[in-house]
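First up is the structure itself, then whatever we jot down about it.
Going in written order, the chains are labelled A, B and C, and every chain counts its residues from 1.
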Amino acid sequence: MTARRSPRLFGRRGVIASLALFVSTAVLATACGGGDSGSSDAVRLTVWTWSNEAATAFKDRIADAFEKAHPDIEVEVVAQLDKNYETLLTTGLAGSQSPDVVALRSYGVLSSFADSGNIVPLDDVVKDWSGFSKPALAGAKRKSDGKLYAVPQGIQTAQVYYNKKVFADLGLGVPATWDEFLAAAQKIKDSGTAPIVVPGAVAAQISLASEILGNARRGAGDFQQAFLAGQKNLTDPDSVAAIGLTEQVKPFLVDNVTSVSLDEAVTLFATGRAAMFPSGTWQVTTFKNLGAKIDYGTFDVPANPDWPSKAVTVSYADGGWALAKRSQHPDEAATLLNWLAGTEFGNLYANAMGTIPARDGVTLENPLLAEMYQRYQATPSAYLGAAYLRYGSPSGTDLLGEQVQKIWLGETTPADAAKSVQTGIDAWFKPADFAHE
Amino acid sequence: MTSTALASAPATPATGGATPPRRRRRRWSAEKVVVMTVLWLYAAICVAPLITMVLNSFRTHLQIASDPWPFPTDPTVENYVSAWTEASFGRYALNSILITVGSVAISTAVSLPAAYAIARWRFPGRGALEGLFMSGLLIPFMLAILPMFYLMDALRLIDSPLSLILIYSANGVPFTIFVLVSFFRQLPAELEEAAFLDGGGHFTVFLRVMMPLVRPAIATVVVFRFVPIWNDFLMPLVMLRNRENYTLGVGLTTFFGEYQNDWASLFAGLVIATVPLLVLFVFATRQIIQGLTAGIGK
Amino acid sequence: MARTARKASSVQRAPATAVLLFILPAFALFAVVLLYPMVSALGYSLFEWRGGTNLAGFNWFDNFVVLFTEQPFVEQMPRAFLHNLAIFAGTLVLQNSIGLFLAVQLHRLGRMRRVFQVLYTTPYLVSPLVVGYLWTLLLSPTFGPVNAGLQAAGLDSLALSWLGDPTTALPVLILVSVWQWIGFPVLLYGAALGGIPPELDDAASVDGATGWSRFRRITLPLLTPVIGTVSILTFIGAMETFTLPYAFGGATGSPAGATDVLSLLFFRVSFQSGASNALGVSSALATLLFLFILGGALLGRRLLRAQEERLS
């Protein structure tokens, strides 16, 4: 059965819905003396997202593009408060007046909402999944049965941003090995600029930075396979050595790194007070919004020859669109989801948000993003913490963030940190759960 | 006894050591200078961060983030424009007033008689009732969100401001009762007895004699209930769907991005959202003073 | 006079209809909109849930057992709990000393009193959501005016990494929390001081009592109920504090868990954790917290009563 029916003007649900809509509009119009003049025969879909940025992007362009192709459907995208998004979704999806389509964070959160039964599997709702990349789909699957519960939004790649002017002034090129990376940092430090900034007050950001530094040292995809096969865990020597890289960069971090918030880190880099910033794709947009004039480039952390892996592009699935079970307009919502899965949306969204596309057929206009996309296609490697260690509490990324803070504060060693994170996730992590990968 | 008696009310220094003779007429004793300095210093500590915020609301995001001194070199009102329009503050302010005033009025109106009864009367189950009300203060609010949502859904009040008024006013009951009971308890019984002898009923005594005596406490409770409701952003997001019904607190969240906060607009929005509270509060303290003098004057 | 007044109060007997009429509106509102959801919320802790709100079955006290036997709780719960207690102790001491001092001093003032009351309460008026972020900005070692000011004054050694250092982060949290809340005790104590008949004080001073002993013998006993009220509310506030720690240290209580509190732990294990039984375990945690606060508050009330008896 194909869930997406041919777009009839009046399905049975459609008749009832439009009747209800008509009646309520009429009542409302009489009550308010004809206040609202919304077109009464179009179905209005409500979409929720945690991102104010995404809501703005829809308002500016994306919603219009969809409505042009589907004049009988209106789309309203509502941004809910980021930090309480999952709480708001839990209530929002559980009762009446549910939103129709909701953005969900990938991996663990998506899986848990799928378990709740308040979102619907999309394997048959969305007709064509072929364009999506494997890493993108991995973030949209429910852990227990491997079914797809979301249309992937995008991919974040994570890399090192560097200030081109600082590098050029010191005669530095993009480092080719980890040793060169450290040597460059030393040279920058000697020149009086802080070499590296990390948002060291934010656990999730520290965890991401550690992953950027350490993914290749840990063994990238090979380690991931061994980890999921249950052959290796985080206390493996390579994993400890990877965490150890955060200790090696400690002398090169900005002062008081454990007090630096994300906003501060962005400003430090964008105003040239720190020369390198390991972070995600989204920063391209952030730097632009800040209005600072900075000439910057990006590179993946280079590997030493004796490391188990060459340099890789750390990446993770960055959310997806799910269908609410209590949507009043499932047919129209399905139409929307199919459009969200297409190339038109892919192009609009990736370029408006500054994100790496989840599917093929997308051209990135920003050359910096295009460069990241290219590297990602050549040597992708999953962000282990996001992809596998956020399916329970404590989350592996929270634990790692806290442990790396302790390393920087001189309170622990990489080996103890690795052990502590592993002990924490042992409470719930079982490699066998990811058999559907 | 009038307000002048209050103004020259006997000193009760907590400073220990110094024991100046009473009713010293000299206006500027050393002690008074010290005390006034301390009071002003503390006032500076209270207000300086907020002034920083106000000053920052006239600067751009980049200026705020890169220069620690908040004095705007090139002041801009851009932030206020964007805060007012982007966050639809005009519309939200009306909702905030309706919801906050409604909630505080209801919770104070129902809690006053209950607090009075608990404080002044003996009846079976009084202690248990007081304990029960007090337990309402301890609600882990983050957890109660889900069942409250179900309740309001069952009452068909999702997307209605009435749901917020109900929740906020119910949520105010324990706090209001808790504070007012201790004030009602403090009152001397003679007043009550005298009023009864004059032939007043329970309700008259409560309304005409006892309630005016706790007016300062009522004013305090009103302010301290008003503020969290005014600033709340979570409950409106849980209960409301139509943006037309949002409140100022929700409007402020517009400036928190996923990866980047818009400090400049946020500060401007905050100033807009806080000024009505300040006005209310200045008004309420006058009420407190009046209440005080009225209470003493009896 | 006050003594007899205290004893005389609350012996009134009122007819049942009056009691009902006075209590019922508050009770009805409270019971339906607050008590009922609260009881169901606490009940959630006895069930196992599968993903958000999907009921999987009754599991007795398993969720509570998890809290005492499994990671992260065995490690993080005691730590967070101690931080909550520290916040309570710090806030209690500062609010009752600074707050009472300010209230007493303000009480002696004339017209200026209102100005100060307004000034001291303004921090409370600002959305707590933003207060935390405002202070993060102010205290930032790189961009903040606080450290810039200290350095300008030549006090470089005092320009610390306030929120980035585990030893200073929690004290700063306490100070900012007091900064925000001080208006409440100042106003409430002020209101209570205003209720003390001046004749009492006059009478005592005629007896030759000095300032401090007058304060101790007359003012303090009369303030005890209000001090108790403030203390119990402080206790509840400190045990449930969330917004400020979240703004300062994020969900993990940065740096290195130094500002972790129970409500942050709750936040981490609840809906956004990705754990399937998040609702069950987080409800158990909240229930435990609720019972503890209830116990503490009841104990506080009992102590308060005893104190009132002793002083009157």
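Throughout what follows, a contact is a pair of C-beta atoms (placed from the backbone, for glycine too) under 8 Å apart; a residue touches a chain by one contact, two chains touch by 3 or more.
Which protein is which chain? UniProt says A = Extracellular solute-binding protein; B = Carbohydrate ABC transporter permease; C = Sugar ABC transporter permease.
Nothing here was measured: the structure is a model prediction, and the numbers come from that model.
Colleague: Weigh A-C against A-B on C-beta contact pairs and write down the one with more.
Modeller: A-C
Colleague: Measuring between Cα centroids, what's the chain most distant from chain C?
Modeller: Between chain C and every other chain, the largest centroid distance is to A.
Colleague: Between chain B and chain C, what's the gap in Å when you average each chain's C-alpha atoms?
Modeller: Comparing mean C-alpha positions, chain C is 15 Å from chain B.
Colleague: CA centre of chain A versus CA centre of chain C: separation in Å?
Modeller: 37
Colleague: Rounded to the nearest whole Å, what is the centre-to-centre distance of chain A and chain B, using the mean of the C-alpha atoms as each centre?
Modeller: So the centre of chain A lies 40 Å away from the centre of chain B.
Colleague: Please list all residues of chain B that touch 2 or more other chains.
Modeller: Where chain B meets two or more other chains at a single residue, that happens at 65-66, 142, 146, 150, 233, 253, 261, 263.
Colleague: So which bits of chain A are touching at least two other chains?
Modeller: In chain A, the residues touching two or more other chains are 83, 87, 90, 94, 264, 267.
Colleague: Residues touching two or more other chains, restricted to chain C: which are they?
Modeller: Within chain C, the residues that touch at least two other chains are 53, 140, 143, 270.
Colleague: Spell out the residues on chain A that touch chain B in their complex, using ranges where they run on.
Modeller: 46, 50-53, 78-84, 87-88, 90-92, 94-97, 262-264, 266-267, 271, 282-283, 285-286, 289-292
Colleague: For the complex, which residues does chain C have touching chain A?
Modeller: That would be residues 50-54, 70-72, 75-76, 136, 139-143, 161-166, 246, 249-252, 254-257, 268-276, 278, 281 of chain C.
Colleague: Residues of chain C touching chain B in their complex?
Modeller: Contacts found on chain C: 1-2, 5, 8-16, 18-19, 21-23, 25-27, 29-30, 32-38, 40-41, 44, 53, 98, 100-102, 104-108, 110-111, 113-114, 116-130, 133-135, 137-138, 140, 143-145, 147-148, 179, 182, 184, 187-188, 190-192, 194-195, 197-198, 201-202, 205, 210-212, 214-215, 219, 222, 225-226, 228-229, 232-233, 236, 240, 242, 263, 266-267, 270, 279, 282-283, 286, 289-290, 293-294, 297-298, 301.
Colleague: Using the touch definition up top, name the residues of chain A that touch chain C in the complex.
Modeller: Residue positions touching the partner: 83, 85-87, 89-90, 93-94, 105, 107-109, 111-118, 200-204, 254-261, 264, 267-268, 273, 390-395, 398-399, 401-402, 405-406, 409, 411, 423-424, 426-428.
Colleague: In the complex formed with chain A, which residues of chain B make contact?
Modeller: Touch list, chain B to chain A: 60-62, 65-66, 142, 145-146, 149-150, 153, 156, 158-159, 233-234, 237-238, 241, 243, 253-261, 263.
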